[in-house]
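Each of the next two complexes has subunit A plus one other chain: subunit B in the first, subunit C in the second.
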Partner chain A sequence: MADVAASGMPSREFNPWPATILVSLLCLAVLFLAPTAGVLLSSIKTTREIAFGQLWEMPDKLFLGNFAEILNNPAVHRYFLNTFLVTVPATAASIALGLLGGYVFSKLPFRGSDILFLIIVSGMFFPPQVILIPLFRLFNAVGLIDTLWPIIFVHTALGIPICTLLMRNFFSAVPNALREAAILEGANEWQVLARVALPLSLPAVAVLATLQFTWIWNDFLWPLILTNSDNKRTIMVGIVNLKGQYSVAWGVQGALSLIASLPTLIVFLFFQRYFIKGMTMGAVKG
Partner chain B sequence: MAKLKLEKVTKNFGKVEVIKGVDLVAEHGEFVVFVGPSGCGKSTMLRLITGLESVTSGQILIDGQDLTHAKPSDRGVAMVFQSYALFPHLNVADNIGFGLRLAKLPKADIERRVAEVARILRVEELLDRKPRQLSGGQRQRVAIGRSIIRDPKVFLFDEPLSNLDAALRVIMRLEIARLHSRLGATMIYVTHDQTEAMTLANRIVVFNAGMIEQVGSPMQLYDRPANKFVAGFIGSPAMNFLTAMQDQPDGVGSLSVSGGTVAIGRSVNTPPSERITLGVRPEHVAIVSSEAADLIAKVEIVEELGAESLVYFQAAGSNQQVTMRTSSGVQPKPGDQVSLRFDRERIHLFGSDGRSLAK
Partner chain C sequence: MERSARFWRVVLLAAPVAVFSVLVIWPLFSSFYYSFTNWNGFSSDYDFVGFTNYSKVVTDKLFLNAALNTVVWMVAAILVPTLLGLGLALLIDSRVPGGTVFKSIFYLPICLSAVVVGQIWVWIYQPNWGLLNTVVSAVTGYKLSYAWLAKPDTALGAVIVAWSWQQTGLSMVIYLAGLTSISEDLLEVCEIEGASVWQRIRLVIIPLLTPATVVVIALSVINSLKGFDILYIMTGGGPFHSSDTLAMHMYNESFKKYLMGYGSAISVVLFLIALTIIRVYFRQLKRVDEIYG
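Up next, the complex of A and B:
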């Protein structure tokens, strides 16, 4: 019986591709995770352990002194507060403006609106370095340097193209008949937007909220350029500021890096359900 | 109930004139059906009445009040969309009560009226469901519910049954007819389905290329079409058309068609040289003995539909098609050569420009 079974089985050739792909993906995963693991390991080690070059070894015992140090540091509190004061309004403002622009471009087109839309979207492709000096000079001239306002303005403006693009595409997927039905029921455009189009586009808003919050929270360049004083710095610039005078405080910086990434993680987890839905919406019919 | 009057209404999209001076009156409580081929302007006309599209020239009056430039919500019209246009994020109760909530009516009032409409349309047990949890027929009822709750003067239906399967379409057609007799409201209904038009309408308006070809009761249009377009559009299967020439110069007597001669026994008020069209409905064609024949034709296909059969012929010596509707048990077989005769009282004649030549 066994012979029959054995002889009946077609000989299967070894296919190297699945194994190759698996190994490649594992290598990539290690490459991506290694820095995070390094930061995590350094955050739970003493400066002495790190100084002795034991960065990639598991610590003998868990050291939480770095976390205690940054959590008790008033400067860190200030960095967090500043980052919230920049990220929340800039995220909200860029999404709100993108929402309005997207609705107009999608549902209320006018002569030349397609060209205007292209001009706005092309803003995504300007490297920030190009506008860095003009903007610095502009904000300096109006006396806003070393305040949080220019960072809010810049991030709002830089967010408008992507927000407008995404919202316009989402609103285009909302059937016109729904808008017309609402208008016949007595709704004005604001009510159509608020009561029909927006509730149907919440996945897009969730995607934008996650992306904008993450980008603005993690931004290093603009706060570095537009602020000078330590009490106006945001968290990413603050991490750099925490380095010691004569040596780099890897442990403290690692701990702050981990804590600094928590808000974006929380925002992502909060919107995750919508985020996945938003990213895949329109991919399949129905 | 309301009287809807359209006066010389035109609509241009850029340089294209899609509605070309439409005049029409829909009386109080009348059920008027707009029919016509795709792109003829019937849906555009409906949108002009709602105010979703602006009129280029002309007037729209409801109960004598000029509402040509009024906001859609101020016209006292409600529309049921082809796609139902139910708000997917709202449940049935909120969909039906959407307009009342916008009007900021007291909550108790809204609930009472939603319950009343739900009872009329038999969707009471569905009030908490979202549109995606409803069948096609239920969605249609909810869409109708949303339109009747505001007690509009004129109801507009834009091909409301076209997304339903054949069986459900028949049921919903009856429901709309019942609703009309119950509410007694003025209704304008757009469809390309002739059965819907014939069964629902008090009057049918046939549109073609942005103009009205004919307005009349279903049987008027069926029996006395004003022109070849209406004759061909109303009725299913369509009327048979045969190109004909007058045999005698005085225009009296007979017409020669491909495959035979038809003695019509009356004068034709056209120049003898004019090429005319003979029209006869499939139920007015019969198989006869060869002596009484108008036309010799070969049977191509026989479709048995149960209560009746449709027989498709090809006229001898030409490629002209003739369709016959018969309920008799005796049926020819494909390939048979048969003699056909047309009911003299039911023959229609059309001039070269398509106009009906009076009997």
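Up next, the complex of A and C:
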């Protein structure tokens, strides 16, 4: 064995690159993980330990009091429920609308459809501040401020550009012959969409579901503007509200951040493939 | 056939177009309208004040300060994640062991919310026990208790670092996707011809990554223009407005001071900036399409 290795080696020079790359990646990975590790560590430490500068040391024992505090706080339950009540319908609605739009733009183009498509997609680029005040006034006028409804509506509308873009690009890859065959068989457009296109488009729907769920769950600006009372807040605004209550209880804040990120972390872990695909698909093919 | 197609177009497009028009297009134009009024956010009536809000924009020292900060914020928030993401993508693409694990580690922050990211970094910059001061103190042996976020000189820069930490993974995955489309043969030929690693990256790989770069920069522009949450959480635009951006300034004027008319004028300016960038972007995209097909 030793002979074989020895006779094999001399012909090749020692290549320092793989080792250098691995070491630099390891260093960068530690740097990148440090912030997240800080939250993890804080969540299992007492306020006393953190204040005395022991946040960044490995703990000798697990302190679960912070998690108990958060999980027993009824306000947190409320925030979680509200966030689900906003995120799930808004995700579903924006995908459904994107599906309809994407199908027409891809399979039933008409004069001016390119321009309409461009207008819708450009909605992706605008800072939300541009539509903030009129929407605030609109929802105020119809008495929906301080309910969950306007948040659902706004996120549904703001999801239309990306969902339409992705669905159109996806449907463009589906052969037209498939649709034409179904039409010849006597199906109407709705039946083609529901029975042929939709089952085929499930991968794209999965991509959009992961993207939309994460974005809407994590959103801060809209619930901040559109709700006032504590029992209508979503989790991200809730975190900021509870900051006052737990002002120096950093460990509790850390546990809260972790629990609030749990749904998106789970989505990320299980659907990472879709997530990355969505980011690159929506982006690379404009 | 054509008649039924027309029917289905209307039926299928009705819902998405209606929702988008009412909740995105109409408010867009509405913002222009309110920017000529002095609406205060509560009362049902308001007066038309002509261009008063716009002349205020030009003379408002805080607006100019916010505009300047927005430029700094955007340039940094575009350059840093793009360059870092490119670097990481090149390193990971070199087939190191554990490439997927590294990819996940660098990508993880993107699924955290701006609120959580902001809070994490507030702790890192915490003067007494934050990671940054702890590490600096340990390395230099000199006890540092600098309050990074409370000093006008460092507040904006500190937020930019946090922002870059979150956004780098996004540009990295797009660059990784771009790298897979570069042919192995081409790189092998370069190697045989005696091109050094650096030459290969600079003269072959980076030019071939141009489409990916356009996408990365576009996404960075979009995201950084929207960058409000993280500033709100980490500094609130302070101290002394040193990290105020236009989005932040607009929020403060509209929802803190209830000057909704003036806030609308700021949002119109923000919109015009976005529009300019979009136009430049689409033109670039077309050029890239023409060159790279």
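Following the convention adopted for this analysis, the second predicted complex is superposed on the first by the 233 of 286 C-alpha atoms of A that agree within 3 Å, B and C clash if a C-alpha of one lies under 4 Å from a C-alpha of the other, contacts with A are read in each partner's own complex, and residues count from 1 in each chain.
Operating definition for what follows: contacts are C-beta pairs under 8 Å (C-beta built on N, C-alpha and C of every residue); 3 or more make two chains touch, one makes a residue touch a chain.
Not measured: the values here are computed from a predicted model.
In the superposed model, A:A187 makes contact with subunit B only, not with subunit C. By the touch criterion defined above, A:P89 reaches neither subunit B nor subunit C.
Within the superposed three-chain arrangement, the count of touched residues of subunit A is higher for C, of the candidates subunit B and subunit C.
When the two structures are aligned on the shared chain, A:G65 is found in touch with neither subunit B nor subunit C.
Those residues of subunit B that touch subunit A in the shared complex are 50, 52, 72-73, 77-79, 81-83, 85, 87-89, 98-99, 102-103, 146, 150.
Interface of subunit A with subunit B (complex): residues 175, 177-178, 180-187, 191, 195-196, 199-200. In the complex of the two chains, the subunit A residues touching subunit C come out as 17-18, 21-22, 24-25, 28-29, 32-36, 38-39, 42, 50-53, 55-56, 97-98, 100-101, 103-104, 108, 110, 116, 119-120, 122-138, 153-154, 156-158, 160-161, 164, 188-190, 193, 214, 217-221, 225, 236, 239-240, 250, 253, 257, 260-261, 264-265, 267-268, 272, 275-276, 279-280, 283-284, 286. Only residues 4-6, 8-9, 11-13, 15-17, 19-20, 22-28, 30-31, 34, 39, 41, 88, 91-92, 94, 96-97, 102, 104-109, 111-117, 119-121, 123-124, 128-129, 131, 134, 165, 170, 173-174, 177-178, 197, 211-212, 215, 218-219, 222, 225-226, 228-229, 232-233, 246-247, 250-251, 254-255, 260, 263-264, 266-268, 270-271, 274, 277-278, 285 of subunit C touch subunit A when the two sit together in their complex.
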